[in-house]
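Quick heads-up: structures coming right below.
You will see chain A twice below: alongside chain B first, and alongside chain C after that.
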Partner chain A sequence: MIQIENVKKSYTDEVAIGPLNIEIPKAGLTSLIGPNGAGKSTTLLMIGRLLDLDAGQITVANMDIATSKSKDLAKILTILRQENHFVTRLTVRQLAGFGRFPYSKGRLTQADEDIISKYIDFLDLTALENRYLDELSGGQRQRAYVAMVLCQETEYVLLDEPLNNLDVARSVQMMEHLKYAATEFGRTILTVLHDINFAAKYSDRICAMKHGQIAAFGTVEEIMKPDILTDIFETKIEILQGPYGPIAVY
Partner chain B sequence: MSEFTQSNPSPVRASLPRKRRAASAFRTPKEAKHYWILLVTLLLLGLLSTYGLLVYNNPVPVTSPSFVPVVERRMVAIVAMLIAAVCQSLATVSFQSITNNRIITPSLLGFEALYSTIHTSTIFFLGAAAFVNFSGVDSFLYQVAAMVLMCLILYGWLLSGKYGNLQILLLIGIIMGTGLGSVSAFMRRLLAPSEFDLLQTRLFASVNNADAAYFPIAIPIVVVVAFLLLAHARRLNLLAMGKEVSTSLGSRHKAGVIYTLVLVSILMAISTALVGPLTFYGFLVATLTYQAAQTYDHRYVFPMAFAIAFVIITGAYFIMNHVFHAQGVVSIIIELVGGILFLIVVLRRGSL
Partner chain C sequence: MVKNVMPQTAGFESIQTRHHSNKLWTWPFIAAIIAIIALGVISLFTGVYDIKGQADGKEMFFTTRVPRTLSLMLTGAAMAMAGLVMQLVTQNRLVEPTTTGTIEWSGLGLLFVYLIFPAPSLLLRMTGAILFSFIGTMLFFLLLRRVKLRSSLIVPIIGMMLGAVISAISTFIGLLFQMTQNIESWYIGSFSNIQIGRYEYLWIIVLVTVLIFICADRLTLAGLGQDVATSLGVNYNRIIFIGTALISLAVGIVAAVIGNLPFLGLIVPNIVSMFRGDDLRSNLPWVCLLGMGTIMACDILSRVLIMPFEIPVSLILGTVGSVVFILILLKQRRSKRTTR
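Now for the complex of A and B:
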């Protein structure tokens, strides 16, 4: 469980986030949605200890992220941003191997190699595993980073806009993978998404943010309501019942 | 939902019988072999030019009793080259890794500007006599201490602050370097020509500046720091991934960066105090190393960087001494030959 209590972050006097209070339960895929500048990424970065809090407390699996050791947290929680600096002369498999760093400290054992193979195969990167990262397309590279994050085998996986720069087919594929990781590998995945319909189709829960506050949190059915979404995005949004659940039309 | 659930990612396949899969430092055994062949070749080349520097064109015959003293004198220069090669190669590669930037060198942190300011102000304020005397073990230690201290203050202040980041650190380093450079250029204008001449010989990098008296201090420090960097190689691999990824993988990124910068500053300070400023050399070595070592892994990048650094510096001295008959400055040869080599390599590869 991710518990956020009275968390605040202020950039300037006008731009501030919080106080946030929310409990995100274990297991399943939770999406953070909301307009630009609502504080979604900031919240995700704070949970992922990449950004310091100005006030409040965040605990993940009962570990306070501010006081726990980073190397202990790395076995519980991982975060992936959308833009990553990539090292040249680094192959997909070597990148995925970095995911084992919290356990192996850079000395990979056969057990580590098996885990790496498992997630490389899972993300359909088997044929690409010896390619350098700069020889890949954006979508493939994104998958390689997701492979690294999964190799870390943490209970909690935070992803900042994993669908950024992906076309529809790649986005569907990525969400299928994430959903599968959440259900079959039992991960708790928290992801920032921009597309409401992707969030609706694949999430177990949706957390909507607006103006640095949590506007709504609940199951897909609870959030996918015209009045709630219209209010959050300040745009007229209607909900239709599609073949796979509610669809937002805007 | 059915057709979409069917397109679900395939469940984890049982691993098929095939070649062993491992995330080792090289992609293929062939690349690993390539690496070792290149490394050994470069080391042999380095040894060859060392041998050449020691005995080639020795004015006295081997049988003469003065042969050994001549070789011993040349040994001092070789040891200085060895130290400079270790310092510059390891420092530049580490520095580029932690800054995630392959076109900058640690000299941007202002070491060389500080070095020239120290020497210029000595001759400017204390005169030529003091300047000539300012060359013992004490002065060496003072210079190293001043350069390391400046960096520690700079890093400590800039990286621990709330907005502290490497970009600002580099910017301040460049501004300080330019500022110190201007101050020393101003003082140099006011010097008498004879004093200026004395100063200029020290400001051009040369292993002949090196005094064997410094070695008992410099060598142990360099060996210890180089060992610490090698032991730090796996962490460096992680730090090179950037702040966010390395934090997520459980590394204390800022602590790792400061630790690396301290080691880098010690190496750079020793190299600069020993032989003088070698601005382009480290950059050249690092760039050629990335082309030669087909791996991200610092455990392999470091030895290759050292081998290349040693070949370049001994080769450059051999060319200077025996082709141009010592009528030049070695940094000019490194920049000329190395710069051309660099352009060829980069243009042929089409990438850095």
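Now for the complex of A and C:
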């Protein structure tokens, strides 16, 4: 369980986030949605200890993010941000292998190698595993990073806009993989998504943010309502019932 | 959509045989070692003094030739490693001790030691050079935190500007206290006056190499960025600090004993990265070897080109290095055009 209590973060006087109070239960896929500047990424970064809190407390699996050792947290929690500009020349397999760093400290055992192989296969990267990252397309590289994050075998996986720069087919594939990791590998996945319909189709829960506050939190059916979404995005949004569940139309 | 579900059901043998492909003891590596040994032997027997014909030839061989070849190997490895670690830490391929001002800072450090102590020992000079290069490199890294686009040309430009300012300060102080000769001779790094008793501190580089090897994976992770490193439980600021300290140690020692050796840290890691990627642990032996080879080849050239005189090795390194620098720039621009 991720518990967020009275968390605040202020950038300037006008731009401030919180106080946030929320409990995200274990297991399943939770999506953070909301307009630009709502504080989704900031919240994710704070949970992932990449950004300090100004006030409040965050605990993940009963470990306080602020006081726990980073190397201990690395075994229960991992966070992946959007891709950065610099592309290190590592092979897909080397990158994924670094996901085992919290356990192996660089000395990979056979068990580590098996785990790495498992997630490389899972993400359809088997044929690419010895290719360098700078020789891959954006989507392939994104999958390689997700493989690394899964290799870390943490209970909690935080992803900041994993569908960024992916086309529809790649986005569907990525979400299928994440959904599978959540249900079959029992991971608790928290992800920032921009597309409401992707969130609706694949999430177990949706957390909607607006103006640095949590506007709504609940199951897909509870959040995918025209009045709630219209209010959050300040845009007229209708809900249709599609073959795979509710669809937002705007 | 998710096709291959669990790997246990897929071929199990195929998993067992799969591992990291970057093996060290390959035939090219053994060939490289043999080439380095050969270069070492050539280096030992290159020179004006006839060590076979003269009566004291053997003595000369051990007081000048052996120390010279050893110090070439040690400095070559040190500068190449320093470049490699810097490139990882800054996430920029054009960074090395001469494009970050590190060398200029150690020059300033040397100058300060000369100012404060009348006839400083080598140990004192070295300490000054190490301290100043550490401060300078740290300052550069702090400045870098303000730069958003780490992979850009801005990074080496900032570094070179910083270096130019520092060397201007050095020159000014030198002029003020009539020590320009010290600076000028220092800026032309050369191995011509290496002999027994003057190079032994370079052995510390072996220790630095071991320490870098121990931190290798953490430094590679630092190269993936602060977020990735933190997420994997690595203390990013600490590893940057350790990396900087190790670079400064290596560069400071070389600066005090040999002088300014430009571009070695740029050429070698880039060539290794092209062929073997950026995994520091498996690349470090290659980088060390190639660093040794490059500087020995340049030094042999410097000794034979205008025999019986010697060209400073830094001149040859500078010429070769600047060409490689431009080639890397052009290659970067081309790859950017194809991927975007």
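Definition applied: the second predicted complex is superposed on the first by the 245 of 250 C-alpha atoms of A that agree within 3 Å, B and C clash if a C-alpha of one lies under 4 Å from a C-alpha of the other, contacts with A are read in each partner's own complex, and residues count from 1 in each chain.
We take it that contacts are C-beta pairs under 8 Å (C-beta built on N, C-alpha and C of every residue); 3 or more make two chains touch, one makes a residue touch a chain.
In this text, all values refer to a predicted model and were calculated from it rather than measured experimentally.
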Following the overlay on chain A, give me a clash-or-fit verdict for chain B and chain C.
clash
Of the partners chain B and chain C, which touch A:His177 in the superposed model: first, second, both, neither?
both
Partner chain in contact with A:Glu153 - chain B first, chain C second, else both or neither
neither
Which of the two partners, first being chain B and second being chain C, lies in contact with A:Leu90: first, second, both, or neither?
both
Quick check for you: in the superposed arrangement, does A:Glu161 touch first (chain B), second (chain C), both or neither?
neither
Counting only touches as set out at the top, which of chain B and chain C does A:Tyr244 meet: first, second, both, neither?
first
Give one of first, second, both or neither to describe whether A:Lys105 is in contact with chain B, with chain C, with both, or with none.
both
Just to be sure I read the superposition right, which of the two partners does A:Ser117 touch: chain B = first, chain C = second, or both, or neither?
both
Which residues form the common part of the chain A surface touched by chain B and by chain C?
48-50, 70-75, 78-81, 84-85, 88-91, 93-94, 97-99, 101-102, 105-106, 108, 113-114, 117-118, 121-122, 124, 129-130, 132, 134, 148-149, 152, 173, 176-177, 180, 184
Spell out the part of chain A that touches chain B in their complex, as residue ranges.
48-50, 70-75, 78-81, 84-85, 87-91, 93-94, 96-99, 101-102, 105-108, 113-114, 116-118, 121-124, 129-130, 132, 134, 148-149, 152, 173, 176-177, 180, 184, 243-244
In the complex, chain B residues that touch chain A
1, 4, 7-13, 15, 21-23, 25, 27-28, 100, 234-235, 237-238, 240-245, 247-252, 290, 293-296, 351-352
Quick check: in the complex, which residue numbers of chain A touch chain C?
48-50, 69-75, 77-81, 84-86, 88-91, 93-95, 97-99, 101-102, 105-106, 108, 110, 113-114, 117-118, 121-122, 124, 126, 129-130, 132, 134, 148-149, 152, 172-173, 176-177, 180, 184
Which residues of chain C touch chain A in their complex?
1-7, 10, 15-16, 18-22, 91-92, 149-151, 216-217, 220-221, 223-228, 230-235, 273, 277-279, 281, 335
